[in-house]
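Both of the next two complexes hold chain A, though its partner changes from chain B to chain C.
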Partner chain A sequence: MKTKSLGSVRKSFSPWTDPDAKPFIRFENVTKTFDGTAAIDDLSADVYEREFFALLGASGSGKSTLLRLLAGFETPTRGRIVLDGEDMTGIPPHKRPVNMMFQSYALFPHMNVEQNIAFGLKQDGMAKSERNDRIAEVLKLVKLENYGRRKPHQLSGGQQQRVALARSLVKRPKVLLLDEPLGALDKKLREETQFELTDLQYELGITFIMVTHDQEEAMTMADRIAVMGDGRILQIGTPPEIYEAPTSRFVADFIGTVNIFDGTVTARNGDRLKLETGAGHLLEVDANEESVSRARSGEKAAYAVRPEKLRISAKELTGPNVLSGEVWEIAYIGDMTSFHLKMDDGKIVRVSMVNASRESPVQLTWHDRAWVSFDPDAGLLLAN
Partner chain B sequence: MAKPRKGLFRSITIGLPYVWLACLFLVPFLIVLKLSFSQIATAMPPYTPTFGDPATWWASIKQLTIDNYLWIANDSLYFNSYVTSVRIALISTVLTFLIGYPLAYGMAQAPQRWKPFLLMLVILPFWTSFLIRVYAWIGILKPEGLLNQFLISLGLIDQPLIITNTETAIFIGIVYSYLPFMVLPIFANLDRMDKRLLEAAADLGSTPLKSFWTITFPLSFRGVLAGCFLVFIPAVGEFVIPDLLGGSGTLMIGKTLWMEFFNNRDWPVSSAVAIILLLILVVPIVIFQRVQDREAAR
Partner chain C sequence: MRQGWTAFNIVSVIIGFSFLYLPIVLLVIYSFNASQLVTVWAGFSTRWYVQLFNNQGLLDAAWVTLRVGVLSATVATLLGTFAAVALTRYTRFRGRVLFTGMVYAPLVMPEVITGLSLLLLFVAIDFDRGFWTVTLAHITFSMCFVAVIVQSKLLSFDRSLEEAAMDLGATPAKTFLSITLPVIWPAVAAGWLLAFTLSLDDLVVASFTTGPAATTLPMKIYSAVRLGVTPEINAVCTILIAIVTVGVLSATLVNKRREVRRARESQVAFG
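Presenting the complex of A and B:
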């Protein structure tokens, strides 16, 4: 695999920062209602050519509906979808230049692997010899050269997944839609396949739109992630942006683990704010760019800080941004240890510590008193 | 200790259907088989031998004969009856399929909340006696019946159509009576089908009509086959419908058998007729089973 060259290319791929770049897919104020309830609510987003775009959300967030709107299985109640400059309104699914890989794979049970893959090509009236070449090519791509004559039920879950992928790729669509593509695979196979899929996407140069509820999967594979909730996109950004700079409490809470301290701004010195939490802690935090103008003295605000950005100590610490509590839970995960500390007001603070050496520098056990500290720029001030 | 008891329970559960089949299927079959090799007698029961006294069994066995089968082979009446029965059953099956498939398809496509109601409508006719429903068709089809009155009042025809006592009436009767047996297995098959498969087909560029022929129909084929056999097999031996609607012009094997049994009181020949009918029907049943086995082995 050409992993080495991939990294450098990926880094420079960011058409969304280029104001002159033309979006490949545009969702323009798309609304879709089912029985009066909006599954997609006035949603607008742009996806660029060759992008690996992930729609991330809990079930019922509308992510699958958005994919089905693009495939043409559903029609927008309002708004429109433009693909490569062409308005998709009124174009039936069989005439759209997109192919979908279904969560259940939806392989035709009465056809063997080759017939499944040939199905799409036959619809285009492709000559048999050319068809066979394309099938052989795509079977090689998914490493199933010797499985052409098998029926779907004679294949393992991982092999079925590959057939579904091959079938959706063989027509060389402009956009490949993936609905929870790895959902049915076990953990190990899923991790392997994640990298294979990203490599494949780069090699083929096809735009991928993937629906997933698994944030790790989205972060590993996607160029950009759209976090969805209640039929809206709450934030679009690269994986680091989504993780380190969530723009809302929901996103901060949804992606990874986070400690959120609610409080009132008591003083302000430039970009440095003093935040008094309900439990009487006084935090000194940096206001991130967006909230600088907003957070004023006396206003309510929340400070979100991720567990790995807290330091834990068994010795008493002093200074600003120090909290102390009782060790409530310890989870040793191997590469890291996760602590739950119970503050005096009952609030649980999560801290994670990377196990950089084999012997832990911090000796803590259940019900010990522990102290945590963090830097003013460790977290993010969120508007409430 | 629990193991042998579990084994006993298993044997009972597995054994029960076998006992049932042995008592109510195998034993009557053997009686009919034996009858078909017996000779007619002016007695009660009207055949011989009767295997009454175990001491005379050997003598009784020597009385068994294949004369009944030779009789049937030599009289073209029976041959024609068989051919007519198979022909009428085949045509009826095709007609039932042509009407039943779209019906089942429509039901499977209907909104989920309607399906129980539609299913009930299909089963509803069973709430009335089969015999009464066939009689009702006489009222509809006869020259001064409802259908002719309706068509004449519309001005479409001047003279009443003669439908009763024709093969057309038999077809109408069979298609009407056996339609649920065609619709239900096809519906069960279509309803079970993963709708995503059609989306996948559309996604790969197939028009809805093409998807029907390449995906829906092949996947419902087992239901079609089951429906066809459920109609064809009883239709071959059908007696009530040809007797009431077909008149004397059409001689189907069920009616021939009935006449042998009740009019001629020739139990041995009618038993032989029944055995041959069974042999004719075994062929499609074996084909059906082999297709099913092949499907299961896939």
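Presenting the complex of A and C:
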């Protein structure tokens, strides 16, 4: 079983692999149509308690609609959502045990930080002394102890983000929904906040569902990622599964960069397949378990391999799984160098080389001839 | 680009402002005229103001106008705000375009037609004309102005504020009162002021819909002027101008002070 050792992270928390684990949130055949077009199309998924679950997709993929369905701002056209054993159909937003952190933060402009945070507690009729304790506690959690009397417009973007977070956490919801929580922060602050949020989620033990279009953000923070497109979930998996074992061409292409070679299977020897690409290259690749049953001789198949799994050389190489081309673009990024090679048939192959030492073993410049090679298990076969 | 005070600029400004304000300035000056004759200056005097405050007819009319204005502006603000909320919030109901058009139609309707149709209605249902009919008529035409003002504010309003409030457990009614209303408050207040002003200077609709017992100030002034302009009328108008000026100035000052305070708070926050 190859999937077990994907990536470099060993997971200790993985209820989704346990057949006896009870899902905390179930989306059951949920469909939502707006004026006849389906924003969510017959979608089913399970989320487990204490999980950090990310919905990743381009704009218009339906990820925000799914979040709004869970919050109760939209009602499903068909299907239902079950939260902690309770059917959410017909329950208005103000009676749901979920809280949402909005992309725009949606801080009430006429209230100061404390009043913003107190708002949710007041709706529950909580006594003033208990309320104040909870507010102090949550302000400490987001490190804004001395900002309680400030109005939202007197805070920086990062501080506003923390207030929004505090306000959505103070009622201790069963599920916290985060709509592009870091979208409005600059890069440096975003990276810091990513780890703070994961630590916070671990500490509090609240189930988080986050919507994002930033794959790096999803990979950094989430236990599992659902890749969405056209109102459907295309794949659910841990970050390594999504990156190393995409089940479709769309997912492979959407997450990170990938080189895809289209070809025809010419021979098969156990788990090893021979694939002839349109440009006449012969590839010898491992048929990973899912595609073994699919790829037969004479069938069309595509082989996907990530740039960092290719080796580049200035010297001529021979053997199977060797391609050669002209150096078309070079980008020196610091930790790695990225090459674009133009094959003889015009196809661009992306190769990245980690700069593990200060002096590079490979010296190449624009328009040089270069060779790339890879191992049979470097990539994976995808169904077309 | 030169933007100096050229002779041409100065002349343009003088002509423009004279055009706007000369009649008003003349009116104010002549209200302090000692002479009975409107066009002959006979020295400074406040006798017309004294006489004005002894003119029971005018004072009664002013009192009626004030009551009609406050009452109709308040009701129009309530109705107009609800109409605006309904039209911006519930965007998917059938016939929304028709309703929007119908709310705005009175904006462009000639006053004579509004007045006449209301008169016909009151006669048809045998409603005694007087204070209440004028008030109803003023509510009718001023609520659409309020609706327009409030609606423009609601369109720029961040809906996620309301969603956040509901998400935090507030019922829709509570959300409206504690979040929406405080945020759109300036527009509601502006709507009230406009409705009040419209009611204050309406002559046409009031003439159609009032009865003998409730004569408004504009009607009184108009009928007095038909018998010849008296310095007393000038005095009434000067007082009206003063009230409007003070109102506009104080609104501007309050706004300005709020801006300054906001800027100062931000400065404290960010050093």
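Simple rule for what comes next: the second predicted complex is superposed on the first by the 374 of 384 C-alpha atoms of A that agree within 3 Å, B and C clash if a C-alpha of one lies under 4 Å from a C-alpha of the other, contacts with A are read in each partner's own complex, and residues count from 1 in each chain.
Just so we're on the same page, a residue touches a chain if its C-beta (ideal position, glycine included) is under 8 Å from a C-beta of that chain, and two chains touch if they have at least 3 such contacts.
The structure presented is a predicted model; accordingly, all values stated were derived computationally and were not measured.
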Combined model on chain A where chain B meets chain C, clash or fit: clash
First (chain B), second (chain C), both or neither touched by A:P92: both
Touching partner for A:R167 - first (chain B), second (chain C), both, neither: both
Partner chain in contact with A:G120 - chain B first, chain C second, else both or neither: both
Contacts of A:I255 with chain B and chain C, given as first, second, both or neither: neither
Which of chain B and chain C A:R150 touches, first, second, both or neither: second
Intersection of chain A interface sets (partners chain B, chain C): 71, 73, 92-95, 98-100, 102, 104, 106, 108-110, 119-120, 123-124, 151, 153, 167-168, 171
Interfacial residue positions of chain A with respect to chain C in the complex: 71, 73, 92-95, 98-100, 102-104, 106, 108-110, 119-120, 123-124, 150-151, 153-156, 167-168, 171
For the chain B and chain A complex, residues of the former touching the latter: 194, 196-197, 199-207, 210, 214-215, 218-219, 298
Chain B contact footprint on chain A (complex, rising order): 71-73, 92-96, 98-100, 102, 104, 106-110, 119-120, 123-124, 151, 153, 167-168, 171
List of chain C residues in touch with chain A within their complex: 158, 160-161, 163-172, 174, 178-179, 182-183, 262, 265-266, 268-270
